[in-house]
Each structure stands twice: as structure tokens, then as C-alpha cells.
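The first chain written gets the first letter, and so on, giving A, B, C, D, E and F; residue counts start at 1 in each chain.
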Amino acid sequence: MKLITAIVKPEQADNIKRKLNEIGVHGLTMTEVKGYGRQKGHTEFYRGSKYEVTFLPKTKLEIAVSTSKLKKVIDTIVNTARTGKIGDGKIFVTNLQQVIRIRTGEKGQKAI
Amino acid sequence: MSINFGHTAWILTSTALVLFMTLPGLALFYAGLVRSKNTISVLAQCFLIAALTSIIWVVIGYSLSFSGEGLFIGNLDKFLLKNIKITSLTGEIPELLFVMFQMTFAIITPALIIGAFVERIKFSAVFLFTLLWVIFVYAPVAHWVWGNGWLAKKGVLDFAGGLVVHTTAGVSSLVIAYFLGRRKGFPKIAHPPHSPVLAMIGASMLWVGWFGFNAGSALAANGNAAMAMLVTHCSAATATLTWMCIDWYKNGKPGLIGIITGMVAGLATVTPASGYIGPMGGIILGFLSGFICYWFVAFVKFKLKIDDSLDVFAVHGVGGILGTLLAGILATDTFGGLGIEKSVYDQTVVQFIGVISVALFALIVTIIIVKIIQTTIGLRVNSQQEEFDGLDLGSHGEKSYNL
Amino acid sequence: MSINFGHTAWILTSTALVLFMTLPGLALFYAGLVRSKNTISVLAQCFLIAALTSIIWVVIGYSLSFSGEGLFIGNLDKFLLKNIKITSLTGEIPELLFVMFQMTFAIITPALIIGAFVERIKFSAVFLFTLLWVIFVYAPVAHWVWGNGWLAKKGVLDFAGGLVVHTTAGVSSLVIAYFLGRRKGFPKIAHPPHSPVLAMIGASMLWVGWFGFNAGSALAANGNAAMAMLVTHCSAATATLTWMCIDWYKNGKPGLIGIITGMVAGLATVTPASGYIGPMGGIILGFLSGFICYWFVAFVKFKLKIDDSLDVFAVHGVGGILGTLLAGILATDTFGGLGIEKSVYDQTVVQFIGVISVALFALIVTIIIVKIIQTTIGLRVNSQQEEFDGLDLGSHGEKSYNL
Amino acid sequence: MSINFGHTAWILTSTALVLFMTLPGLALFYAGLVRSKNTISVLAQCFLIAALTSIIWVVIGYSLSFSGEGLFIGNLDKFLLKNIKITSLTGEIPELLFVMFQMTFAIITPALIIGAFVERIKFSAVFLFTLLWVIFVYAPVAHWVWGNGWLAKKGVLDFAGGLVVHTTAGVSSLVIAYFLGRRKGFPKIAHPPHSPVLAMIGASMLWVGWFGFNAGSALAANGNAAMAMLVTHCSAATATLTWMCIDWYKNGKPGLIGIITGMVAGLATVTPASGYIGPMGGIILGFLSGFICYWFVAFVKFKLKIDDSLDVFAVHGVGGILGTLLAGILATDTFGGLGIEKSVYDQTVVQFIGVISVALFALIVTIIIVKIIQTTIGLRVNSQQEEFDGLDLGSHGEKSYNL
Amino acid sequence: MKLITAIVKPEQADNIKRKLNEIGVHGLTMTEVKGYGRQKGHTEFYRGSKYEVTFLPKTKLEIAVSTSKLKKVIDTIVNTARTGKIGDGKIFVTNLQQVIRIRTGEKGQKAI
Amino acid sequence: MKLITAIVKPEQADNIKRKLNEIGVHGLTMTEVKGYGRQKGHTEFYRGSKYEVTFLPKTKLEIAVSTSKLKKVIDTIVNTARTGKIGDGKIFVTNLQQVIRIRTGEKGQKAI
């Protein structure tokens, strides 16, 4: 099992969720984060003082999937989230050793 | 003279309006401009100052300001408001009402100074500072200008507090900010106001409340009050647009903080002149205050490098001084004013003397007060950690947002 | 007597001020003190009570309170305000204005009780409770004290609602909180107010609005109104400082919540006495209310273990009772008051009778009302889950913060 | 006639109240209803409109509206308020005060239209729109109805602005929303108001401020003002309950947003009739407005599919029209009104003519104005990205919440 | 060493912390997240418009533990967080390669 | 490739970002979290009620790095974030199986 962590633009999150739902991913966890990358931020002015904003709002999606679905899910995310502009985000994949559904105590694949 | 119920009704209302300017108006204006970790502290400071000044005023402040004929200070005949009957009058309104109305001015003046010391002052120092400042700065100056003291005798024009309120608060802000020292990172690192929304609510309340401040200072519900309200409004509107346009031009975008700062500058500037000038004068003052206060914000911050954190001197001090200096000129017929008795030149000299003497007095006495506090209970919170964590937790043990 | 336009102007204003106390004042004060998931529900309850009480008042409440000479209740001659002409007067102001002014009192009184039942009551129960309570508790007591009923005939002093407003609301709060039951974890688990900022805005509006409440109760723009405003202010300021200092002493830090709670206690306490006492009396009441209400907050919570969630009884009930009991004494010359006709002893006995009878009446009738609601539509929301998720989602389907 | 100080006191107060309706009242009401990323922009738009309209009013607006006897438009005799002395009277109050009071009406009217164009308009377009609209829509209609123009001569009833304020703003909202185009996803994708709390604060301020709006329009502190206040209140309360019950019935839960929307609809609806009807009339109007405005919200959104984002037409336009049409009928004795001179039928025909002509005029002139803006500086922000990121960052370079 | 990531109902977080503390877990990190799963959300109405809420507030707990404690910690979380209703949440386990305590520079087991 | 997760004091975040930038780390993701550890919280009082705060605000930094840079990045974080006082925070290192840049579809090292 794998854990996919995708950092995407906040405006894409709903779309991605919908698309993933269509390919049979029925669970994910979303976090509001701030990202720093190549995309540059902006400058705000307050009473003559400059304030540089380098961290931009991003959304992190965490999705546990079975290894067999990994590619499909990644492709779906990439295709949905890509706008071709800097700041589109990144996907990280890590190994999941165990998944447990708290409600039933089920473990592994069944728990995803 | 006997009581006029219409005038009384308006001054009762004006009193409520001016209290509203401080609580919650000014408190929100300032609280919105600081970081969220210092929100509670600003609100608490404002409440403390309001409560404490009220008691000082009733006990001794009113008497020092408005009792007796002394050139420099009043007497103690009205200590604890004794000798004021329910039937005593000031002009055509009850003297008790005059006490209340003036109290709200005494409250907002030290409250303005909060803007200079936010995010780093000890709460107990605010207590002591207010106590001393109201008695030794505010009361004397109020007496000079409005209590038949030496400046009043000279014929200085200060309708609603360009000298008594804004010059004193502005100059003292510079002093206390100087002695307190800068916040970490100032002026290089800017911190965005944590809530432009709160600041805007506060600013709006200031605008509305200022009608009580300036039009109430007519102590009557008549044409004079109406004109004061009108010119006040004109100045605020013009300064708003002016500041907005400068921001737009310089930063490419007109920000809300600039818009409301301009508005407050316009209000402070028109205050001393508001009972003497016409709409044209109001527009001129608004326009000038937009430009000049704007310039002073940067000057204090980047040239003087004094961390007058919410620009009290640049906005209120400079505004109040500007309006006081120009009151005589704009009161003339040429600018659609209501006319003055002296020649423009003579009047302007008096205005100048007023500004210099009040500014110097506030400067010196505030230095003394600050030194006293520094050598006794201390001015600034004890640890850098407390400043970093914010005064909300450090001084009040509360958090402003628990969503 | 003919109409006095000055008085009318002030009471028009006062009416706006007292409505402002409830909407948004009290609503924000309470909303800031609850958890964020119950914010909307508090605001909605406050709005519901305001709207519903207004209609009740116009239809039947005013008539029951202020029409006729009954000892215990008014009559229905002014049902739907019929027989009131645009030219009818109450004293020197239009009777229609008196209807409106009194309506704002009728609105805020049940709204105060919100503090007792937040975070767990059914919205429909608030509807029914308000309906019954305004008719069967508020209107009778208003008639007794202000509508020429038996307490008025005895000469009870209650200038602006220590009995009619604060005692009734305070006692009924205790009752409804008791029957509703406690929130989960009470009193062991504390929940910090979700927004001291909102609470402070609300509290400030209460302070300003209270000028309309107390000084408006003079029904005139004169020295009496001015004095009422002044003593109200003195009490609020003193109670603020008192509560702040107790908190500072006990917890090591003066919190904003304590500061504003003290202020409200000071305002509630001075209310019944505000038209009879002098500044000294205001300061004394403020000081006492700071101490006594502070003590009662802990007493209700930790001894009685009643979940009067926002301390309505301790702050308003106790305050109102305290002020009523002391009104006679502090109205005497000795304390700088305006003097009373009866002897201090006689007056205080009457005040005592007033407190006991109003408190008992509110107690009994509220128990009956609560029992009726419990056995019909139910008092508390149906599921623990709804309470856990918060009434905002559960009862109103909305979230308070969508940042 | 000579000045009446009581009346003057009340109109000074009313002026403050009506300014308060816009700043911060309406600004908060609207800001709470949009998404958090457009909060600043709404507040800034409101401030801009207030400041700009004030200047326009002083320079030319007042003169065009209230000077001279033209049927369709005033003259320029009072350009820059010249020829108005501090002693000039309008009725029994200073004309300068009348200028100020009316200015606050001129401010709030274009500010209402903000609700139609939020979240997508260019800030510079707001500037230009306000400038043209106040001069070419507001001033003429104000002249027709209140400045002794042709509708006034016909005897149209519009006590406080059903035609002048609400019909003009409502119709123009529809126009500008139509030409601006919809926000992405409209009407399929709904966005919850980012802060029902702010919206509720604003709505409450509207309620309180509306006392100045309607009761102030009596230009006197008398029984007429009292009645206007009372019926205004009755309508607001009834509409609140009506809308709440419809929501409760339809969605299973009564939401706060519905409660306050109903209230505003009730206030808008009673406005034109407020000086002529009795409490019963107020209740009827409140009830009808609850139903009819509710229906129109859905109609505009889902049938017309016009993105009048905050329902200005459905709430204000429809409300104002409804109240204007029924003013004659409800002013009769049958409904407890104060009586009218014409027959009900004749009066209602006049009301009808008023509505049609004002609506058509606003429609046509606003189309022209919008077209001018579209072909010059453009109406909508340039990029979709800016809309997505929100106007706060895009147009003002600020963020509303920095917690 | 393992990293346990538990997505639970917000109301359970305090309880879990207390229970973990009892079994000797003295450090954890909590994040407010939004979850999408089988649990359905709710509908809000604003002026006639429907607004569907599918993401529900959840709390994410991250706990670094030594491998030996893994089972005990998981059991404790499952037992405390389980209500048996849909939406109880999930537990993910991943491998931790290294843990470092910043204050002391300690590494590995000692740093947990 | 490795994923470094650092829990640090919020006031250190900006500094760390700057220092990392200097050593050539040009992307990271930041989350506001609440931490529970040895550092004790504080007590708040509201109208006589005590309220214990045990979770303290912390900032989580997630940084994907190539294995070769791992040590340098960790050292930089430790050196910058260390104040020597309790509460300085922790660093967790996990294995990254894959990294994908959404904008270009690049994978692995190039995508970091």
C-alpha cells in the first residue's frame, strides 16, 4: 500500500476529489498548507511598509491506495491539477506499512 | 440663561457618540492593526484607560481643567464634582452633562497614545502612565485652551481638540515610543495588520462618532453644530480619497488600510477648525492632511526610525497641528469660513504659539512621566519571549481567537 | 402638558441606543463567550427574541404593562395599541415613543436570559419560552413597578429596571439553567470564550447603549438625565477596575473577559438607582458590584453547580438586586444622592419587599413555563451529537466562520 | 419659521445614524455575505462610495436635487453649497443639516448596489459608476420625488426613499449584474457567506440606523417621528419572523442568514410608507415583504439567472416597490393609517406611476452608464485568476484575515 | 521506529492524548484536517442556494514511536477512538528512518 | 530521496526557510500544527474557570530532498532551530519512493 501526498493549488482540490471519486477512490484527507517553491509570491503595502509574502496557500491531499491503483491515481491527479503554470505542485509517494480502519479494526487493503 | 432641552438632547447624544469612538471604535481600529497575538492587550488597554480616566476625571480632572480662573491650571473647588448641582448649567446645558461630555474627550486622548506603545508595553505601566498623563498633561492643556487659561485668553482657536487632544496625544506618542524602543525587526520587517476588517469597523465608528466630537463641541443643536458636522464630513471624505489615490499611484493598488488611515487623518485635521470654517475649508484641510500626514508616516518610520507603531504622531499629531495652524486662515470669508475677530495674521500667530507651547509642554512632561515609570515599575514587558508570544498570553493570559 | 421636542429627541435617540444594546450589543457579548460552533445559534436566538417580543409588545404586552390601574396587571384597552393617537402624550413625549422606548426594554430582558441556556436549548423552545415569559413574567412585573401597580404604589424605587429587567432575567436564568441541565463536562471542563474580541465589542455597545437605558429613563433631556448618565458611567468604570484588580490578584493576570464582565456588572447594579444617586453613589455601587458579583459567579458555578452558562444570575440578577436594595440608602444626601421622600429605613424595607416579591414571582412563573415546555416540545436539543457538533450546524444548518 | 432645537437635535442624531448604516453597517452586512477573499474589496468599495458621493453631493448633487423648481432636475444655484448660510432653514432645522442628512441618503443608495457587483468588478469602475450614477440617476429622482419635481407635484408618497433609494438601487443592480456577467459556477455552485457574524452585525446596525432613516425623515422630533419609528420596527420584526418561518418550513432549519435577510426586506419595504401608516400597516408590510422578497430571491437567481449576487433587487428593489405601491392603501384609516388626501384609487395610481417611471428611468440611465464604462475603462476585473484569487489580493493587495 | 498517523474525530483527540500519555507516549503532533470518506456530510442553505459539505472536520495525530511500542499505541488509539459509527477514521503506519531531537541533537530511539 | 518532516517553533520557520534557501533548497511545505511534548503549556482563567492549554502552536516543515543532501539539510535545520530550550522540536525522516512535479510530469530527483 502506498500513501500519496499531493500538494496542489487550492482551487483544484474539489476537482481532484471528484475525479478520484470517479475512479473509485472513496477516501482522502485534506490539509491547508503553505507552500514555498519557484512560484513567487507578492508584495503587500501597509502604511508605507513593504511586506513580502513568499508562502502561498496550497492544499495537501493525502490518499492511501493499494499499490495496484497507484499509477492510475497519480495520473488522475497530474492530469486534473496540471495547468502548466509554475506552482502546480508536487506529488510524493511513500510506503505504507499498515492501514487500520478504526471503526471495524480491519487491517490492510480492506481498510483503505 | 436657562436650560435648552434641544441642546441638552444633542449633547447627551454626543456624549454617547464620543464614548463610542473609544469603546469600541478606537479599540477596534488599533486592535485590527496589530498582530493577532496582541489583540486582547490593545482592547484591554483601551478599556483600562477608559475606566481609569473616568474616575480621575470625576475626582480631580474636571476640577483642574474647568474650575477657577487660573492662567495655567484650574483649582480644586469641584473636587469630586462637589458644588455641582443637578440644576447647574454650562451655557444652556446641565453642567453635569458638560462634565460627562468632556470626560469622553479626556478618555479618548490617552487612548490615542495606545497606538504608540502597542505590542511591547507593560500593562501596569499603562495604568501608571494614564494616571499621571491625564493629571499632568491633559488637564493643564485643557485648562489653557478650554478652561479659560492663558491660551484661551489669547484667543486661540481650537474648536474640538486639535491642541488639547491631537497635539498632546501625538507628541506624547513620539516620546513614549522613543523611550520604549522599537519592536524587533522594526522598521525592516513589516507585519500586516491582522484584521483590516476590525480596523475598518473601528474607523467607521470613529467617523460616525466624530460627529458627536466636533458637532457636539458646539454645545448646541443649531446651525453651528450642523456646519461643524458638514465640514468634518467633507474633510474626512476628501482625505480618504486623497490617501487612496496616493497609495494607488505609489503601490499600484489602493489598500483598505490606506483608505481608513486617510479618513482618520482628515478627521483629526479638521477638528480644531471645525466650528469656524465652511465646506470649502473642510475640503482643503482634507486634501492637505491626506498629503502631509502620508508623508509624515514614512518620515517618522524611516527617517526618525521611531517605532510609533500605529502612527499616532503622523496621523493625529501632525493632523491636529496642521488644522490648528490653518484654522485662522480658513475661517476667513475668502475660504467660505464663518469669519474671525482678529486679523488673519494675528490669529495665525496665536495659533502658532498654541501649537508650540502645547507641543513643548506635552513633550517635556511626558519625558518626565516616562522616566519615572522606567525607574520604578518599568515600561516594557520583561522578556523577549513575552513579546514574541504576544501580550495576549503574556500579560492577560487569554487568546483572541479560539476558532 | 404639551410635547417637549428636546425630550422627544433624546428619547428617540435613547430608543435607538437601547435597541442597539440588544442588536448587536448583547448578541455579540454572548456570542463571543460561547464556543465557535454555537455562535450562530446565539445570534439567531437574540434576533428571534427581539422580533418576537416586539410583536408581543405591540399586540398585548404594552397594554398589559401600562394600561389601566390594576394592582397586579394592566388591562387590554391598548390591545394592538388601539386608542393611542399620534398626539397622545406620556409626560412630555409622544405615547407612541414611550411604547417604542419601553419595547426595547421588553426586548433586552428575555434576551439576557440567553446567557443561561446557550449551547444546548432547542430553538423552538426559545420561541415558546419568550412568548410565555414576556406575557406572564415581564408584563406583570413591569406593571407592578412602572405601570402604577402595587409596588409603584408602595413607592418602590427602580429607575431603569433593577427589578423589572435584571432581577426577573437573573432569577429566571437560574431556573431555566437548572431545568435544562448542565453542558457536558460542566463545571470541570472549561471552554475558553471563542472570541474575546466579539465579546468586547458587545460589551462596549452595552456601555454606550446603557446611556439610553438609564439616562433615557428620565424621559427627558435635562439635569436628571445627565446625572443618570454620569452615575451610570461611574459605576461601570469602578466595577471594571475592581473586577480587573481581583482577577489580577487572584490569577496573576488581568484578563479582558474579567474586565468586561466587571463593567457589565457595574452597569446592571447601578440601573435601579441611577436616577436617584450622585457620582459617589455610582462609585460605591460599582465597587460593591465588582466584589459581590465576582463572588457569585464562582458560587453559582462551583457551589450551586448550576450551569448558568454566561453567569446571568451572578452578573445581572445579583447586580440588579444589589442596586435595588441600596438605591434608597445611596439616594440620601449623605452619599450625595438627590434625596428621597421616605425615611431610609422605610424605603429600604420597600426595596426589600420589591426584590423578594419580584424574585419569587419570576421564580415560580418561570418554573411553570419551563415545565410546560418540557412536557410539550421539549427544552433541550434531542441528541448529544447535536450538542457536540454545535447548535450552529444542528439547529441552523450554518457555520459561523468560513475563512 | 424659526429653528427648533429639539428637531435639530434629532436630525443631527439621525444623520449620524444613517451614516452608521453605511459605515460600517451595510459594509459589514455585505462583507459577511461574500467569500473571505473578497472581504476587503467590499469594505473598500463601500468606503470609496461614501467618500466620493459626499464630495459629489456637496459640489453638485444637493443643488441638482433640492434647488429650484424644475420639473425634472434642480438647478445649480447651490453649487458647492454657496448661498446656504448657517442660519438658512429647511422647515425648522438648519438647511446645512438638511444637506448633511440628505447626503447620508445619497451615500447609502449607490452603496446598496455593491451587492450586485461584488467579487468581480474593477475598483476603478466602481469609482466611475458612482460618479455618474449619483449625478444622473440619484439626483434627478431625488428631485422628482423630494425636490418638488413632477412626482412630488403629483402627490406621490415616498416618506423615506422607497422610490428614491430602494427602487433606483434595486433596478440598477439588476442592470449592472446583468452586464457584468455571472461569477464562475453561478447559480449552480453556492458559496456560503464567509461570516454570518459580520453579516449579522451589519444587519443589526441597519435596523438601528433605520430609525434615523425613517423617523429622521419626519425632519422633526414629534409624534410623526415616533410613529415612523414604530411602524418601521413592526415591519422589520414581522418580516424577520416570516422569512425565518419560510426557511424553517422549506429547509428544515431556520438559518441566521435568512433571519437577517428577512429583516432587511422588512425595513426596505416599510420605508416609503413609514410616515403614513400605523402599526397594523407595518405588520402587514412586514408579512408581505417576507413572502414576496423571498420568492423574488429565487426568481432572479434561478429563473432570470442574473447574478445579482447579494440579492439587491429582490430585497431592496422589490421591497421598495411593494411598499410604495401599498403606501396609499395602508395609509387609510381602515388599516390604522394616518389618512390621505386623495382617494385610495387615485393615490395608488400615482404610486404606480411613480414606480414605473423611476424604475424605467433607473433602468435606462444605468444601461447607458454601464455601456460607457464597458467601452472605456472596463467593468470586470481583467483576469479570471484575479477573480479566483479574490479581489482582496488582486485589487487591493491586502488579505482580510491574518490570524 | 514507526510513524503512526491517525485520522480521528476531533472530539476524540483530547481523550486519545490522555490515554496515550498513560501508556507512556509523551509526544505527538496534531493537525486540523478535513476528511472525505464514507461518512456523508450535510447540506446548508443560503438564500435559496444549496451548499453541499462533503469534507468534514477531522483531526490528524502524528506519533513517532519505537517499533516495540507500535502495537500498544495502535490498540490504544483504536479502542479510544472507536464509536462504531461511520467516520471513526483510519490509522496509517509508515517507516521512520531517523528521528532527531533538535534541542539536544540526540538521534534515534532516544529522540522519540 | 527522503522526506524530512521538522516540527519547530513557529518563530523559527522563516529563518529556517531562509537558511535552507541559501544551501539550495528551493521548495518546502509548511503547516500550522499543535504539539504536545515535554514543554508544558499554560493556564488560562475565564470567570473563575481554569482552562489548561497543553497543545502548543508549532510549525511543521516538509521538505523533499535527494538522499545526498539529507545530512546537510538536517544539520541546517538543527543549527537554525536550536535554542536549547524544551520545545525546540523534532525532525523525522522517511523514505520517499517517488516525487512527481505536476506541472511537467517530471519524476524523481529532477522533480524535487
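Worth a mention:
The working rule: contacts are C-beta pairs under 8 Å (C-beta built on N, C-alpha and C of every residue); 3 or more make two chains touch, one makes a residue touch a chain.
All of these numbers come straight from a predicted model, not from anything done at the bench.
Common neighbours of chain E and chain F (chains touching each): A, C. Comparing the residue numbers each copy contributes, chain A and chain F share less than half of them at their mutual interface.
Centre-to-centre separation of chain A and chain E, using mean CA positions: 18 Å.
Each chain gets one centre point, the mean of its Cα atoms, and the points for chain A and chain D are 45 Å apart. Separating the CA-averaged centres of chain B and chain E is a span of 52 Å. Shared interface positions of chain C, i.e. residues touching 2 or more other chains, are given as 4-7, 9-10, 13, 192-193, 201, 221, 251, 253, 255, 257, 397-399, 401, 403.
Multi-chain contact residues, meaning those touching two or more other chains, occur in chain A at positions 31, 44-46, 94-95.
Interchain contacts give a graph that is no line, ring or star and is not complete, per the touch definition above. Chain pairs that touch one another: A-B, A-D, A-E, A-F, B-C, B-D, B-F, C-D, C-E, C-F, D-E, E-F. Every residue of chain C that touches chain F in the complex is listed here, in rising order: 187, 190-193, 247, 250-251, 253, 255, 257-258, 261, 297-298, 301-302, 311. The part of chain F that touches chain A in the complex is made up of residues 3, 17, 26-31, 64, 94-103, 105, 111. On the chain D side of its complex with chain A, the touching residues are 388, 393, 397-399. Considering their complex, residues 11, 42-46 of chain F touch chain B. On the side of chain A, the complex with chain B involves touching residues 44-51.
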